[in-house]
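In what follows, chain A forms one complex with chain B and a second complex with chain C.
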Partner chain A sequence: MRWSVIWDYREALLSGLAYTLAITALTMIGATLLGILVACLHQHPSYVVGRLAETYVEVIRNIPSVIKVFFLYFVAGLDAMPAAVLGLSIHQSSYIADVLDAGFRSVPREQSEAAWACGHSRLQILHHVLLPQVVTTVMPPLTSQFIEIVKNSAVAMLLGIKELTFQTQNIDVETFRGFEAATAVTVIYLALSLTIAGGMALIGRQLTWR
Partner chain B sequence: MAVREGTFGPAEPTALDRWLWRGLVAAGLLLLVWLVARERWEVVFASGAFLLKSLGVSWLLTVTSVAIGLPAGILLAVLRAGGPPILRHLAVAIIELVRATPQLMVIFWVFFAVPAFTGHKVPAWTAAITSLSLIAASYLAEVVRAGLASVPRIQVESGLATGLSRAQILSTIVLPQALRNMLPALIATIVMMFKITSLIYVVGITDFFRAVILINNREFEPVALYTTLAAGYFICCSLLSWLIRSLDPNYVLAQ
Partner chain C sequence: MYNPISRRAALGATGLIVGAAGLSHAPAMAQGATAMGDTLAKVKAAGKLLAGVRNDFPPMGSIDTSGKAVGFGPDIAEVFAKKLGVALEFVPTTSRTRIPLIQNGSIDCEFGITTPTVEREKTVDFSIPYVWDAVGMIIKEGSSGKVADYGPPKKVATTQGSYIIDLFKQYIVNPDIVLFQEYPDAVQALRNGKVDAVGVNVASSVAYVRPGSGLMMSENMVRDPWGIMVRPNDSNWRNWLNYTLQVIWKEGTYKAIWQKHMGAEPDFYMYSPYMLQPGV
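Coming up: the complex of A and B.
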């Protein structure tokens, strides 16, 4: 084993990390926004709208993320980066929608109705009654969804985006040091996941203190 | 539409709502058929046997990896819950490491790591089954752990007080209840495994995903082929969850 190969390829690995970070960050934003939208539609009082959201979640969940990304790239003809980010956002949004939905369902409906009877508006109920409770229940599963995004970002290599997993394969092709590279990259992924878990825990604590 | 002031969450659907929904579904399906009918489907039908065979490979990979991964996952979960310290830390390390790494990376890692230690390359199938089983075991271990935690501790204590051995308590009291409680998460994980098999094509196995890509490389008919691909996975994953649910007659009641 020759670990110096990692130092030799430090620039490749760092640029790979930059791509992974970019995909992860953009997907996090996209998936969360889409997830909020779908969760809201699912909570919508109209039966038809609710069923539409349900169908979306069901269909998206039963198709692998690679297929969505490939579909956007080869069929819809998007560039590699937008295809990867959009595909992964759509993929993860169904899971995030479910997490948020479960969070809102965990608050008894009577609380909202009581607040409504007291004369609060829907926005006030959301702000003062629902969100403070939902945030605490939603934070842990949301964290694992975000970590899932870090991991799914590896799929982008299949479109030729030079992110971390791509660099691993590249190092293996050029030097036959796949094991060392794979181990180093695994450690980087682990660090990324832990950073997200820590960051989310911090944010969660901030939100509950208020 | 049943929208009333001062109500929260989905309301009880009226008959009109239901008919509206059915109409929408019918319209959506018609639109889909119309869109899809314009494509060249000869390409898909011409390779029907090849596609079905490759779909079989995907199922085989899923079933094998779950068949190996579930016992291994139970073992890991039990070790994590109450094994000797060294084994416990080892179980935690395996579970957390695999779960924190992209699945694609785990597949590559097995593909690279074995040659690094043994000196010769592993056959693609061995690498595929090993990596998928490893993934299945780690994810299922967490599912099993949640299931074990759902059984009240007092039952274990009562079992000990009655004079049962730890193995007896585990196999006759805790596991049957835990397995029942974890069924929804189990379904989700097995469906996830089916979806993960779509990544295994990177080691060169012709599963459903690779088969469609190979045909597309020759024929270049992306819309028809990728629609087939998505439909194939959707049908199989839905079938898989329906199948497991129907194995448990109490599933609807348990919800």
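Coming up: the complex of A and C.
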């Protein structure tokens, strides 16, 4: 064991962390927006639009993230960072759409109808009746999806982006200290995931207390 | 100070923790003994040679459409197994997995594309050079063949962990290096204009630089020896490999296999540029 190797490579690890954070944050935003869009389209009254959204979810979640990222990079010709973020956003959006969809379905339709009958607007129904209940249902699986994004961000290394896992392997090939490097990176990923889980729990509480 | 033993101990300890090494100390010790002991005796006793071969480096070693290992490395490994009179099992290696695999006993030796470096010699041992290759760059047809012309804004690529990274830094001023995990990805990036050159071993370029591919080779940066990688402090095994290499060179088997995969005679000689080791 030679743990000092982690300290020697602290700058490489920090810059790797910066890339991982950037990919994760951008993907979280992109995937959530796309996921909301697809979930809304799925609820759309039009049969065709609803089925299209369903097809999107089915097709996208059955294709490995690596394929999407490679396709965007090699075939569509995007640069490495945009290809990674867009590929991962599309990948995760299908899962997030599914999660949101399930959340909305969990609230019985009668509640909306009752609120509508009481004279609430659609926005008021969404705000006062649907969202508080949907949020509690959706938060735990959504948290899992966000944590999944943290881990999936390692795919970016296949395009030569020097993110956290890339830097770890660099430590391994340069010093053969793979065990130390893997341990350090495990701790970092764990910290990232726990931060996201904590943050999501906080947001969930804020939203339900309204 | 660097201590090569401690990593093996770490691996052993990890194995013990995850239970892969079993409940008692004994299996871990056995693994340690394999790592330190006589591989030649082990291979003969097991009746099987575990040969590490590349699966991403045609024509040195790759996987054919049926999933079988093919190439120069696998063919040479077969000759060695025949000389030993044992069965042969291929274990795929990559630039990142080859050293852990030899350390933990998953392979007995690697017929790969590994250049003996001072850093690597701290952890593993090598046979005499079994291939003399060169390092150059795959470039698009019609572009400059001079390596020094590939400074920024041009991008040069190779794989993570390759020592070609150091050569780039030596031959190009402030190179913009993009690192991929596998060579096919790097060459694909060159074809799509993502990078302007891919640093490779010339032997492996045969698979990519073909008539009609639109690709060609730059000038060579250096000539580059490859050794058969073995575990450290295992003279019996290493001597046997060194000896057998020269025997199959003398018999002409080596040359035939090289010709089959490279389409030309080897432009080097085994053991030394002039002769085989006295006594072979």
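Methods note: the second predicted complex is superposed on the first by the 210 of 210 C-alpha atoms of A that agree within 3 Å, B and C clash if a C-alpha of one lies under 4 Å from a C-alpha of the other, contacts with A are read in each partner's own complex, and residues count from 1 in each chain.
Following the convention adopted for this analysis, contacts are C-beta pairs under 8 Å (C-beta built on N, C-alpha and C of every residue); 3 or more make two chains touch, one makes a residue touch a chain.
All of these numbers come straight from a predicted model, not from anything done at the bench.
> Does chain B (first) or chain C (second) touch A:Arg2, or do both, or does neither?
second
> Let me test your reading of the model: by the given contact rule, A:Val59 touches which partner, first (chain B), second (chain C), both or neither?
first
> With both complexes overlaid on chain A, does A:Gly50 touch chain B (first), chain C (second), both or neither?
A:Gly50 contacts chain B only, not chain C.
> Touching A:Ile147 in the superposition: chain B (first), chain C (second), both, neither?
first
> What's your read, chain B or chain C touching more residues of chain A?
B
> Which holds for A:Asn170: it touches chain B only (first), chain C only (second), both, or neither?
second
> Identify the partner contact of A:Ser112: answer first if only chain B is touched, second if only chain C is, both if each is, neither if none is.
first
> Looking at A:Met157 after the superposition, I want to know if it touches chain B, chain C, both of them or none. Which is it: first, second, both, neither?
Both: A:Met157 reaches chain B and chain C.
> Could you pull out which residues of chain A sit against chain B in one structure and against chain C in the other?
1, 70, 74, 157-158, 169, 172, 178-179
> Going by the contact rule at the top, pick out the chain A residues touching chain C in the complex.
1-2, 70, 73-74, 77, 80, 157-160, 162, 166, 169-170, 172-174, 176-179
> Which residues of chain C touch chain A in their complex?
Chain C residues touching chain A: 2-3, 6-7, 10-11, 14, 95-96, 99-100, 119, 122-123, 157, 160-161, 178-181, 185, 188-189, 192, 194.
> Can you check the complex and tell me which residues of chain B touch chain A?
1-4, 6-11, 13-14, 17-18, 20-21, 24, 97, 100-105, 108-109, 111-113, 115-116, 191, 195-196, 198-199, 202, 209, 216, 222-223, 226, 229-230, 233-234, 237-238, 241
> In their shared complex, at which residues does chain A touch chain B?
Chain A reaches chain B through residues 1, 42-48, 50-52, 58-59, 61-67, 70-71, 74-75, 104-105, 109, 112-113, 116-117, 147, 150-155, 157-158, 165, 168-169, 172, 178-183, 185-186, 189-190, 193-194.
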